[in-house]
Amino acid sequence: MPINVTVWNEFRHEKEEQKYADVYPDGIHGAIASGLKRSDDLTVTTATLDEPEHGLTERVLNATDVLLWWGHKAHQEVDDAIIDRVHHRVLNGMGLIVLHSGHFSKIFRKLMGTTCDLKWREADERERLWVVTPGHPIVDGIDEYIELEQEEMYGEHFDIPPPETLVFVSWFSGGEVFRSGCCYSRGAGKIFYFRPGHESYPTFFDRQIIQVLSNAVRWAAPISGPNRQFGNKQPLERLALRD
Amino acid sequence: MPINVTVWNEFRHEKEEQKYADVYPDGIHGAIASGLKRSDDLTVTTATLDEPEHGLTERVLNATDVLLWWGHKAHQEVDDAIIDRVHHRVLNGMGLIVLHSGHFSKIFRKLMGTTCDLKWREADERERLWVVTPGHPIVDGIDEYIELEQEEMYGEHFDIPPPETLVFVSWFSGGEVFRSGCCYSRGAGKIFYFRPGHESYPTFFDRQIIQVLSNAVRWAAPISGPNRQFGNKQPLERLALRD
Amino acid sequence: MPINVTVWNEFRHEKEEQKYADVYPDGIHGAIASGLKRSDDLTVTTATLDEPEHGLTERVLNATDVLLWWGHKAHQEVDDAIIDRVHHRVLNGMGLIVLHSGHFSKIFRKLMGTTCDLKWREADERERLWVVTPGHPIVDGIDEYIELEQEEMYGEHFDIPPPETLVFVSWFSGGEVFRSGCCYSRGAGKIFYFRPGHESYPTFFDRQIIQVLSNAVRWAAPISGPNRQFGNKQPLERLALRD
Amino acid sequence: MPINVTVWNEFRHEKEEQKYADVYPDGIHGAIASGLKRSDDLTVTTATLDEPEHGLTERVLNATDVLLWWGHKAHQEVDDAIIDRVHHRVLNGMGLIVLHSGHFSKIFRKLMGTTCDLKWREADERERLWVVTPGHPIVDGIDEYIELEQEEMYGEHFDIPPPETLVFVSWFSGGEVFRSGCCYSRGAGKIFYFRPGHESYPTFFDRQIIQVLSNAVRWAAPISGPNRQFGNKQPLERLALRD
């Protein structure tokens, strides 16, 4: 049975500045969706900030197994009610893959409970993402490291809860390291943060980056059952378990 | 140098119903503070919901190394601005010990990112808290398990992020288990959730429970330096680290 | 592509005492293999202690994706050279599922680095395995808990490294708890310890127990590539990575 | 009460080659011991490979709270019986701090259960150890990173179990990263692996490195009680816990 994937993108840089549209003519979401569609087991759609309800209606979210999230300069424009809806869905099993500057998105900060702050520098630096957990399904088909010739630098300290599994650690030529592939579970949902993907570089056309994202989608897909409800409205149960 | 401890209590049950005042004549905060004061290295004060700013002014929080939190039926009355202030202090190093029904407090849910929901039953059940991490500073002086003759039952699934260190697992006579001693780090702060302590039982007079809380305070105390700022207002830094 | 599974059993109790043969007429390995074979995606064979090389030749191990291990009273008869072979295969990606009294097997202790000691009692007690990580692939299709009417009791402290993921916690009617479903990674290999399965109870005929084992096999299966070598004979590499 | 520290060193390079003696005239153990002694709460002695029983008699180990271990080219000369003795003491609460090339020591590999293999290169490279867990007692007094002008490079993949707490991640100018400060617990014992410290560099005279080691000693010190026995000879207990 195919996995239903929704790629969400803020989609502002590409509409507002030609230099970003030159890199991503179909938007960042278009590039990611196109890459994921090469896998037969994934059914991929997209959604963007400026659509009604940011494209994330109840119907869309209920039909989504894994949501990818790219945002950067318009985090504050995302409606809190939609964030609560996404949060509820994650706790009830929907996978979430947060990309690059999505570290500062409302949904990631709400799920992490921390500021998600970090250091950064735009200097066309070389990034090397080293695999520290060989054997993990997210690195299936990936070599010892992925090298990106030019990327924005993100540096520690990255103010996140310690990852449950740390998959990648990035090296930057300027002198920093970064925990760049981080797995979490929250409720019945699985979350993967993946660092690369600045709007000015063609990172999401890289074959290995798409491989990681495809692997991550499969890893984050919900289990098939049984259905449990996690959420603020869940009545506290009284069990009658004694003989 | 002594550790400055603030014991925060909602302090409503004990004021509103005689049966709880009979168990805790000086309030739950009074019992805990009295127990902690037996340790010479701890300087202990208290704060309660109905004081101005809930007793948690900037001055109080800045002088607090470790904050203990007991709340139950008035979580919603705690002001969001005060919660943000506590959250900021935790990320900047203040220890936080969340007790029993504090699992549903705003501060714990904000730090965890999940619902913190659980099962419960009031049936005067026996609880046995088994140590699963011998050698951990929080179980210094504690035997293989702590037995409480009567407590409220809390049962799994407890909707929290997986603890970074799981210190205790509780057994209840009615058929449930519970992860009842859970360590987390968030920013520069250390957090310990400890399950026992229902308002109708004299749990906080138990010598071993006080031992665990005293140990937890020492474990959660901030390191002495250097001072770093974690928070929403932290400017994103540009490092000039290259030669 | 099917997953190749080898079910290894000490196979002594069932040959030496009729009462165990009555419970497991085809051996414990026979019952497990029969259960796993109901899944079309698993190709299942068995191996036992008294076969040449304990049935674990280089050829067999190289063709095995996931190995299940049940042993109890003959741990010391397992040849150290075979253990080294299994250890090497695990580090290079083969999944390993250790069952019940296999906690004291040479291979589990070698991989854990601890005594793997625990408390136990044979008293026909009820066991309830509570799920503490909903959403994990190993609990796909499993309800809030699995109940076994009669099992041997295992109690904490269980002397293992803290599990990377704790999936189940057991409750026993006699007063103990146990971390009964524990995930680890070692090298490129994934390891799952699963508690139930005493020789005197029909645990491995339980539908939900087989469901957990089938799920665990899929979780522990090696990723498809790239091939990396982990082992004592790996030459230390010199990388020439600088420009 | 002071913490009793034993600094163990292979002590061969410094005796056999003048260039190493020039860096460490009193041996690596001498430099470390001298640095630790600056803390009033630590009582420090040393032991070396060529002493009887490698200086690690029952009496010495029983009086040791925390053992530091530096070895490189003579790992195979360490007697297995002594390793078993150290292993038993760690499981029963003695702290262990493994330094640099000690990653390949028998005791570290026995406790980890993996090969502990890694990449390396001797090229006088700059190392920057970034703190990824601010607030952890091991980084008390340490700034955002420690910089060492020249060190041997160690690179991922480092074949260890995932650290329970990852404290430092190293950046090397040649293009690699390394998990260089790793916390573990085994039995009642706490273990810290710390990467820097090649025999040809004056790393153990660095003020911040000594600060980390002093912090780590305090973190790894055993709790005061109760005394529990972990070990192969522990009888399996029968508890009579039922009413």
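Each chain carries a letter (A, B, C and D) given by its place in the written order, and its residues are counted from 1.
Note that a residue touches a chain if its C-beta (ideal position, glycine included) is under 8 Å from a C-beta of that chain, and two chains touch if they have at least 3 such contacts.
The model shown is predicted, which means the values in this text are computed figures rather than measured ones.
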Neighbours of chain B that also touch chain A are C, D
State the chain with the largest centre-to-centre distance from chain C, centres being mean CA positions. B
Comparing A-D against C-D, which pair counts more contacting C-beta pairs? C-D
As a quick test, compute the distance in whole Å between the mean CA positions of chain A and chain D. 37
Chain C to chain D: how many Å between their CA centres? 32
Of all residues in chain B, which are in touch with two or more distinct other chains? 133-134, 144, 155, 157, 162, 164-165, 175-176, 185, 187, 228, 230
Chain A - residues contacting chain B, complex: 91, 110-115, 117-121, 155, 157, 159, 161-162, 164, 173-176, 184-187, 228, 230-232, 234, 236-239, 241-242
Within their complex, state which residues of chain A touch chain D. 128, 130-134, 144, 155-158, 162, 165-166, 169-172, 175-177, 179
Would you tell me which residues of chain D are touching chain B in their complex? 93, 133-137, 139-144, 164-165, 185, 187-190, 222-226, 228, 230
